[in-house]
Structures are given as C-alpha cells and as structure tokens.
Amino acid sequence: MKKSGELQNSQQAASKKITRQKVLLGLVGVFVVLLAVLPLFASGFWMRTLTLLFLLAAMAEGWNFIGGYTGYAAFGNVAFFGIGAYGTALSMLRLHFPFFLALLVGAAAAMLFAVLVGLPVLRLKGHYFAIATVALATGVGEVADFWTDFTGGAAGLTLPFFRPIQLSNYFFYYMAFVLVLFGLGLTYFIMKRKLGYSWLAIREDEDAAKMMGINTTWSKVVAFALSALMAGLAGGIYAYWNTFVLAEEVFKIEYTLQMILATVLGGPGTVFGPFIGAFIYYILITLLVFFLPVGQLHATILGLIIILVMVFTPQGVMDFLSGRKRLTLSALLENIRTHKV
Amino acid sequence: MNQEVIFETQGITKYFGGLAAVDNVDMKIYKGEILGLIGPNGAGKTTFVNTITGMLRPTRGRVIFKGQDITGWPAYRVGRLGIARTFQIVKPFLGMTVRENVAVGAMFGHKGKNRTARQALEKADEVLEFVEMGHLRNHFADQLTLAYLKRLELAKALAMEPELLFLDEVMAGLNSREIEEAMEMIRKINASGVTLLIIEHVMKAIAGVTHRVFVLNFGTELAQGSPEEVLNDPRVIQAYLGEKFVERQRRMQQASPQQ
Amino acid sequence: MGSLELTQGVVNAILLSGTLALVAIGFSIVWGILNIINIAHGAFIMLGAYVTYWLFTLFGIDPFLSIPLSMVTLFIVGYVIQRYLINLVIRAPLLVTFLLTFALEIVIINLATFFWKGDLRSVTPAYSGAGFTIGAVQIPYVRLGAFVISLLLTGLLHVFLTYTKTGNAIRATGMDIDAARLQGVKIAQSYALTFALGSALAGAAGSLISISFPIDPTMGGAYTLRAFLICVLGGLGSIPGVMLGALLYAFIEVFSGIYAPGLKDAIALFVLVFVLIVRPTGIAGKAFYH
Amino acid sequence: MKRSFQILLAVLMIAAMVLTACGKSGGEKQAAGGGQQGGEKCVITFGAAVSLTGKYAKEGEYVKNGYNLYVEQINKHGGIKVGNKTCEVALKIYDDESNADRSAQLVEKLITEDHVQFLLGPYGSGNTYATTAIAEKYQVPMVEANGAATKIFKRGFKYSFAVLTPAPYYLRGIIDMALDADPNIKTVAIVAENGAFALEVAQGAKDYAEEKGLQVVYFDKYTKNTKDVSSLITAIKAKNPDILLGAGHLQDTLLIVKQAKDLNVSPKVFGFSVGPTAPEFRKALGKDADYIVGGAQWTPELKIQSDDVFGTPQKFAELYKAKYGEMPPYQAAESAAALIAYQKAIEAAGSLDKDKVRDALASLDFMSFYGRLKFNEQGMNVYKPMAVMQNYPDGKLYTVWPKEAATKPFIYPFKPWDQR
C-alpha cells in the first residue's frame, strides 16, 4: 500500500520533471534563436555587451565542470583565460599563425597548464584547494606581467585588427556565441556519460567514489582541463577582439569571481545554469551601470544581490527552473533553516 | 564448504603515529562463505577493512586476492578487481537519484569497463529490484530513511558485481523487523555466489547468517571459529563486558571540561 | 650582496612580521573556529585604518591611542555581521560563505570609496619617519611601536582564549561543536564573538598599518591574501603557528622585494602552493586554539 | 505557481530584447552637457568614459573637471565656430570604473547609441589602449590627454591624438636641471612601477641619463599597487645615488617618500614623474614634501600668452579654483587642452565632418594656455617640453625648470631627513 503510494508520486514527480525540462529546453531554444538573429538589429554597444557576456558564460560553463559538477571550489580559472589570451596573441605575433590555429594553441596551452598544475593541486581539499588556485592564478599573472622578453611584460602585446573591420563586430559576436553553444553541447554530452557520473560521485563523496572503482585523480584532472579549455578559448577570442593583451587585464581575479557568480546564480551542476546565470548577472550589471540612478553605488547593489542569493538560494535559480524546488517563500526560507547555526 | 581461499591477509599492520590500530592480523576468507568480523568498539575492525581495501596504506603485511598481491593498491583498482564494501557511516551520493547512485557502481565496478552509462542505468534497475527498492529509483537519496539508505549502500556495492563484499555494520540502527529483512538479503546475496565479510555488533545477525566468525580486539586476532564456539568463548565475552566498562569511563571523561 | 642590504633587510622583516602576525591572527581564528575564509578581512583592516585616520585628522588623536577605538568599532561591526548574516549560512557549502564574504568586501569597499573617495591618505604624526640607527641599520619608531603592540595584542589574545570562560567556550566550539553545546555553550553567540574578535584584531592591524603606509579603500585585498598565506605557512590552529608563518612570510616578502621587486608576490605565492602540495594534509591542523 | 520558472525565463528574455532593441534610449542621465542631436541650433557633442570610481577615481575627477571647465567657458563665449555658424558644446561622460572592459563598452555606446561626434580620452594608459582601438574601428577621432605611453600610438592608428608630452620625456627636465645645478653629479637610481606608462618613463630617463654621461647605479621595477617598497629603498640606500628618480603614480610616489624617510635615504635630488605636483602630495606628506621635485605636464606658473578661451595658465587656474576650490592639477589642464585642440581643428576644418576634423588635427599647430599643441605622424605631441616643479619649504609649489619659465630657483641639494 505504502509502496504503491510512493510509486505513484515518484512517477508523477518524474513525469513532471520531464515536462518541465521539455518546456525549459524549448524556452532556451527560442532564446538561442533570438540571440542568433540579434546582430541584425542590435547596436555596436549591445553587440559588445553580449559578446563579453558570452565569453563570461563560456568561462562559467567551464568552471561548472570543476566547480559545479566535481565540487572543487576552483578560484583561479582566470589563469586559463589569461594563458589562452597570451598563447593566442604570442603565436599570432611571434609564429605568425592564422587566428584559428593560434586560438587552438592558446587553448592547448591552457589545458596543458591545467593538467600540470591539477595533478598536484587537485589533491588539496576545500579552502586549501581554493586558495592554492587563487595563488597560482595571481602568480602566473605576475610572471606574465614581469617576463618582458617573452610576454612583452607590463607594456603588453598589441594585435592587428580583424579585417574587414566592418565585419569584426559580427565575427567576434558569433565566435563567442558559438563557444557558448559548444559549451552547452559539451556539458550535455559529458553528463550523459560515465565521466559525468564520476564527477557527480566525486562531488557527493570522494571516498565512496574511489571505493566504487572511480579513478578520481584522472576524473578531476579531466574536469580541470576541460574548464581550462573553455576559459582558454574565451581568452583567445578576447585577445584578438580587444586587439591587445595586458597581464593586469587578462589575469584579474574579477573574471574568476564573475564566472563563479554566474554559475552560482544560475545553478551549479546544471547544464543551463551557467548560461542563464551569466545572463542574469551581466544584464543586471549593465542595467545598474546605465539605467538605474544609483550613481556610483552599483557595486554595492551588486554585492547586496549576491548576499541575498547566497542567503536565500545558493543552489541557484535552476533549482526552481528545473522544478527540483518550487519558487515559494517557504522554499527560500528553508535554505536559512537548513544552513543556520 | 569448499576450501578455496579467495582473500588473504598476511601480518597486516597499521600504525597511527606510535600506536598500532591493526597489529599483525592473518585472515583467510574462503570462497562462498559468510565470515563475521566482530570485536568491541575501537578494536580496529573498520581500520582493518580500510587498510585492505586501499583506503589506507598498510604499514606492514600483504593483502592477496585470488592469488594476486594487491597490497597498497589504490582503492579504485581494488574496487575494479572485484572487491566491494559498504561504509559504517553510509556514504550515499545525496545529490543524485537512487537509480544514479546504484548506476555508478555498475559503471566503474568489477564489470563496469564494457558498459555504457545507459546500460549501467539498466543494470541499476535490476539491482534495485533485487534489493526491493525499485519503487524509489527516481527519488533523490536525501529523501530516504536510514533503513533505505543502508540498503542503498548495499545496492551500490552489489551493482559493482563483486566477488567479495565487505559489509560494515549494515544493521546498526535498524529495528528488529528491518534486521530480519537485512539478514534475508545477506543470505540472498551469498546465495547468488558472492563471498561476504560482515562487520556487526548485532549478535543475533552474526549467529544467524555467518558460517565463521573472526574476533578482533585491540587490533589483534582474539579468536576465530564457528559462531557458537566463538560467541561462547569467555575471552570474547570478557572483551565485550570490558568494552562496556571502558565505554562508561569515556562518557564520564567527556562530561568534564577539556584540557 | 651588500651586508647593509642584508642586515637592514633582516630588521625590516622582523619589524614587518609583527604587523603581519596581527593581520593574520584574526583571520586565523575565524577560519579555525568558524571554518570560514573571511574574504572581507582586508576590508575590516581598511576600516580600522580609516578610523585611525579620521580620529587623527579630525581630532588630532594620536594614532597609537586610537587603536582601542578602532578595535571596539570593528568588534561591533563584526559581531553584527556574524550574528545576523553569516550565521544564517554558516552550515552551507564553503562556496557560499566564500562568496558571501566576498560580496561583503565589495559592499564595504564601494561604500568607503563612495564616502571617502578613492584617493590615498596618510597618517603623519610628528614622529612619523623618526627613528634611531644601530650602525648603518635604521629602525623607525613607528614600525618598532607597531611590532611591540602586535606582540602585545597577540599575547592578550592567547591569555583571553586560555584563561577566560568566554575564551574557553570559543575554543570548545572550535574543537567539537556538539560537545560544546552539551556544555551549554551558546553556539550562535560564541560564533558571533569569535568573528567580532577577529574583526577587532583586523581593526587594530589596520590602525598600525595606517601609521607606516598610505591607505585607500582598496588597500585590504592584499592583506587578505597575505593573511591566508601566513595561516597556511604557519599551519592553521595555533597562535605560535601564525607568528611563525608571519615571520617566514615577512622574510620571503622583504628579500624577494630586495632582489626581485617585480616578482615579490609571485614568489610568495609559489612558495605557498609548494608548501600546500608537499604537505597537503600536514598543514590542515585541527582547527582549534591552544 | 508551476509557471513561475517559465515566467522568470520569459522576463529574462524580454529584458534582454528590450534592452537590445531600444537600448538606444538608455544612458541619458549622466550626460553633463544637456542637448543631443541639434535640429536648428547646432550642438557639438563630445563623449568620454572617465574613471569616477575605482583606483583612478581621483585622477578621473580632475579629467572630468578639466573637460567641464572648458565646456562651460566656451559656451559662455557662444561656442565653437563651424564655418559661418557657432555651435554650442555638449559633453557626455560615463564612469568606466577604472576598468578597461567597461571603458571600451562605454565608448562603443557613445559612438553607436549616443552618436557623439567626437571622443575624448579616459584616464590612464590601460583604458586609453582599449578605447583608442574602438575609436579607430569606427573611424571617430579621439583626442586624449591622459595616456602617455607611446605604445598606444605605435599601432599606426589614424584617429588617435594625445596632447600631453609622451612618457619617455617625463624625467628629462629633472636630469637637465640637476646637472645644471651641480655638474659633478655622477650616479642616478631609477625605480619604476611595473606598468606600461611608468616603464616608458623610466626607460626614457635611463637612456637620457646615460646619454648625459651619468651612471645608472640602480634600475628596477616594482609590482603595481604595491603596499611596501622598503626593500627597494634598502637596496637603493646601499647604492647611495646622487639622484633618485621614481616613475609611477601618486600612490607609489607617496609610499617611496614615506619609506625613504623611514630608512633615512637622502639623495641630492629627489624627483618623480607623477605625484609631487598633485595637491594631495602636500596634503598627505606635510613638511616631508619639502624639496621634492616632480615633472609636470603643465603648471599654473608657466608664462604663456594664448588666444584660446583661457588665455593664460594663470587665468585657467583662477577659473578652476573659483569652480572647484583648489589649484588645478595638470590632468585638468591637459584635459581642457584636448578640447582646445578640437576647437582649433574644427575651426580650421570649417566643418564637423569626422575625417576633415581628423586631418585638421593632424596638421594642427597652436600655442594654447597649456603649451604647444602639435602632433607628429603618430599622433603624439612631442613638441611640448615638460616643466619641473619643486615643493618649497613655504608649503607652495614653484616652477623651477625650464629656467625661462622658472618662478623660483631650484633649491639644491635635497635637505637630508636627519637634518630637519
């Protein structure tokens, strides 16, 4: 009797989940199409804003692999962005590679770095891992800033314009856009496969995962390297787009925080979370800067928003979107109940 | 029962700092049997299991599985080789559904290599039927009762299709009806050809299902033999009574302020 | 290398280590007992610095005398923040508290910039820059003073944690929260006190820093990172550990500063990562104080 | 209830669409100069992204003040002559938060949505880097006044111009002055912030010093936003140089002076590229600012007669002080000068056509209250010498170099810390 009851509502839950995912998928689909045709009527300003947004979303999707699915609080992913930028720029300037080849070189460099660093650092847990990654990112940034002979140092590197110049806006918009879609696809693909499950298992309980036959070191390094891939590609595109690379710009910790924020806002460990989160976050910022009369206090407003999210729904809006939770006051308060002293 | 040794430890020893948690233990497990491992709290039972399953590196000694020396192997290789275990403190993957929890075992366990994720999920359904949790497959693990969590722990291990299965206090905290079910389950697993080593405090279960019992005390072997002879062995009884006494003392100490 | 560089460097390092220890100690108890990485620690230091600055510029109060005031101010700030904000998410995953304190930092810095402007300010009492020389080695009074006061406060903290009821309660909370509860420790209360204590120490550090270095609203970030480095180098969980870490870090910073100024931080950071990797667990000492 | 998530997403999309489609309507509020596209009466709108928050908030404010002061004055005089009619001048300023990404985003907005005719520069080389690229992309002229790194102009851009003297020239005046005061000066130590601008300043100084037969005994760079340079000072102390030159920003300059005093380092000449001439320098250091010299793009004491709206540096200073209550820092002057360059170019071109104005700028040669405005083929103003100012014990700043512009003699040598 009891069992059959459970059976029913579990099935209901399941079916409801399915339909919701369908609806969600549909909506995102519409959204994507709109974005694809948007350049036809968007101003240069909005093209730039969205291009930056896409690059951010792509980085967030990358961070989601290690931070969202595998549960390792990586706070140094900007290193991959920076290395991608430098790798691309240097191979364009020094080796005279065409952009696309250079882009791959940059991404490869980022991934290589991720593997070399990941092997030792991914043995660390919690805060120690977090700060080790921060430290590495900052350190690498300083080296790039200081190593004048190789990276051009603080004077930076200048890249040629994309030609024909009238098309550059479109070129970079679609580059970034495709990168985001690639990220979505990659995420979806992996999470349907063993690798994806191994990440989840590691996030939930690394010891159990080990005991159940998962080579955790390997899984974690792959997650790290893939997040490096996304950030590296974003960095390469960014470099060519801005036509210059300065260490202080491409290694700034703000980027790390933005990608984490986007992911957490949207929902860590979900396919669409980082994408949606990036949108909420970046549109919000733009609104604050341009359209709200908050003078120079937009940073404060942003901070307060983060605080509210952290207090009320650290699982991100995807919890509600995917139907795992319902958007009710009690659902919001529940979080406090479960997390307060 | 047949006398083929499937698993063997030789002089396994594990030191933490200066003191030995497990000291020079020789244990044989015969194919197809259910071996009970008992001993008072802190006797080193769990440490012993951790040491021989690759969670910890032994300080000394050898671990042999099916004639192969697996001493110091990383846990995941041990798992893939056909040894599975459950944890005394259950380790469910809370953020995943019951079905996915079990599927992980089927993906990476003994026979996981030539399975896709989808096939693993199907395998998971089989196992869930076997442990009678099929109706819960789409629930998230954090929605389960303790009894079901314990059973999920079992299902995850079974999905690995092990030849040798270590059960670490799967019955602790269960009521007598649930214990009956669990015992039934263990017999069923054993009947399906899995060799088991079960760590238990529930003597009724030990007496009920095991073929042999191995007693650890202060990290060393105290006795081994058939359930009835071991459970009536005065040394064993003394060890347990003593343990209660020690237990009471520890409580008293805790009540007084630190340092 | 010149022997002057060497000796002066050593002196600088030792003097610096005092202030750094104070910078790190508050961060360390919060981390050790609440298991929170307080990104806003640097912002608190900044606030402390500004308290001293304003008391000095508006009322001409001597910077050293203003230390207690900035400690009290920050104590209150810290208490409120912990009691009514962080306590709400204290048991959430690390990422949450991490981002929460990060957001706090953003808000504090932005408000500071908004009200006090982004420009650099200095506290220059009559005796600033004065000092005495031993041989060719220069010892500025303010830095010596900062050093002494840091040691003093650290000592006081030790006494407080070891010999007072509240201190014991705090340590108990850090050791075993349930045991502490059994002993009737009010956890929420003791958490708030711990955080407030940490903030107060940050305030004191800020005051001292403001005497030797120019200050601005964004000054804090660098110190937060330093605090972390020091905690890791020295090992989390003990006051002597922090002081050792501070000394170690001071030497790294000063001497990499002499021989490779541009790579100052990079060197320190790579040392950190190295330490973390060679003894990943070794450093993670049990998080309580004794 | 069940719909909540759909609504949420829908709202999200609509928001995005609205912003994108009719984004052009946004962003009016921060316009400093009112009017947009002129119907009958013509208005020339200049746009700029300036740092009003973040690490360059202070400098950004000077820049903004300079721009605004000019606009106010020129409109008082009726406006800028374009052919036969005079046009009022409007200014549109955004806050770039001292962030290059934001800076680029805002300039793109100024061009594609606010449709400003001409662009003015931001503060700092980093942001100038980013924004000049945008201006070039849309072929809109940008006259900037606060990015001195020559690297910006070595990209072959056609539409970027800088009114200020390029970085490598910053410290030459001090070296000349020092040698003039005491020919026996032998050694110089140079420290630079590790930044595009500062490094060029330092390199320029190094080359020039060696050219003048001085021996550079110490040359190194320190991390950006450093909080402690005592190690550096210690190293320098060991070298005991005659001249100590610093290339960086106000922050570092203050730090170096404070800690040089702590460690009792007293060279005969104590000079910086940026800092000693800023009002905060004296404010922050009090008596310790005495005798320290700094290169200045411009000083209120310069003896210049010009027929621009300000006429003389003194008049500019007077107007500035009346409006903002303090003596004008050089950033304000050069920012105003950027607009003067535009004015003269537009008047010469007799049109608002971007390319005509651009060509007029390229061939401009005009003596403004700020100094000579003339650009080389790269768009840099290498024709204006740098002045040197000294903090006098009487608490005031005086121009001490070049001799012909000097209002007081250069006090030499620097008075050692321990003899004060």
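A, B, C and D label the chains in the order they appear, each numbered from 1.
Note that a contact is a pair of C-beta atoms (placed from the backbone, for glycine too) under 8 Å apart; a residue touches a chain by one contact, two chains touch by 3 or more.
Quick caveat: nothing in here was measured; it's all calculated off a predicted structure.
Contacts with subunit A and subunit D are shared by C. Averaging C-alpha coordinates per chain and comparing to subunit C, the farthest chain turns out to be B. Computed from the mean C-alpha positions, the centre of subunit B lies at a distance of 73 Å from the centre of subunit D. As a whole-number value, the distance joining the C-alpha centres of subunit B and subunit C reads 47 Å.
In whole angstrom, the spacing between the mean C-alpha positions of subunit A and subunit B is 40.
Spacing of subunit C relative to subunit D, judged by their CA centroids, is 36 angstrom. Residue positions 53, 194, 221, 223 of subunit D each touch two or more of the other chains. The set of subunit A residues that touch two or more partner chains comprises 142, 145-146, 296, 299. Shown for subunit B are the residues that touch two or more other chains, of which there are none. Of all the residues in subunit A, the ones that touch subunit D in their complex are 20, 23-24, 27-28, 30-31, 34, 38, 41-46, 48-50, 52, 142, 145-146, 153-156, 158, 161, 165, 168, 242-244, 246, 248-249, 276, 279-280, 283, 286-287, 289-291, 293, 296, 299, 317, 320-323, 326-328. Within the complex formed with subunit D, the subunit C residues making contact are 2, 4-5, 8-9, 12, 16, 110, 113-114, 117-122, 124, 128-129, 131, 133, 138, 140, 142-143, 212-214, 216, 218-219, 222-223, 253-259, 261-265.
Across the complex, subunit D meets subunit A through its residues 1-2, 4-6, 8-10, 12-13, 15-17, 19-21, 23-24, 26-27, 29, 52-53, 95, 97, 100-102, 104-105, 108-109, 111-113, 126, 129-130, 133, 136-138, 149, 151, 154-155, 194-196, 199-200, 221, 223-224.
Subunit A makes touch with subunit B in their complex at residues 3-4, 6-7, 10-11, 13-14, 192-194, 196-198, 200-201, 203-205, 207-216, 269. Touching subunit C in their complex are the following residues of subunit D: 53-58, 191, 194, 220-223, 225-232, 234-235, 237-238, 250-251, 254-255, 258, 261-264, 280, 284-286, 288, 417.
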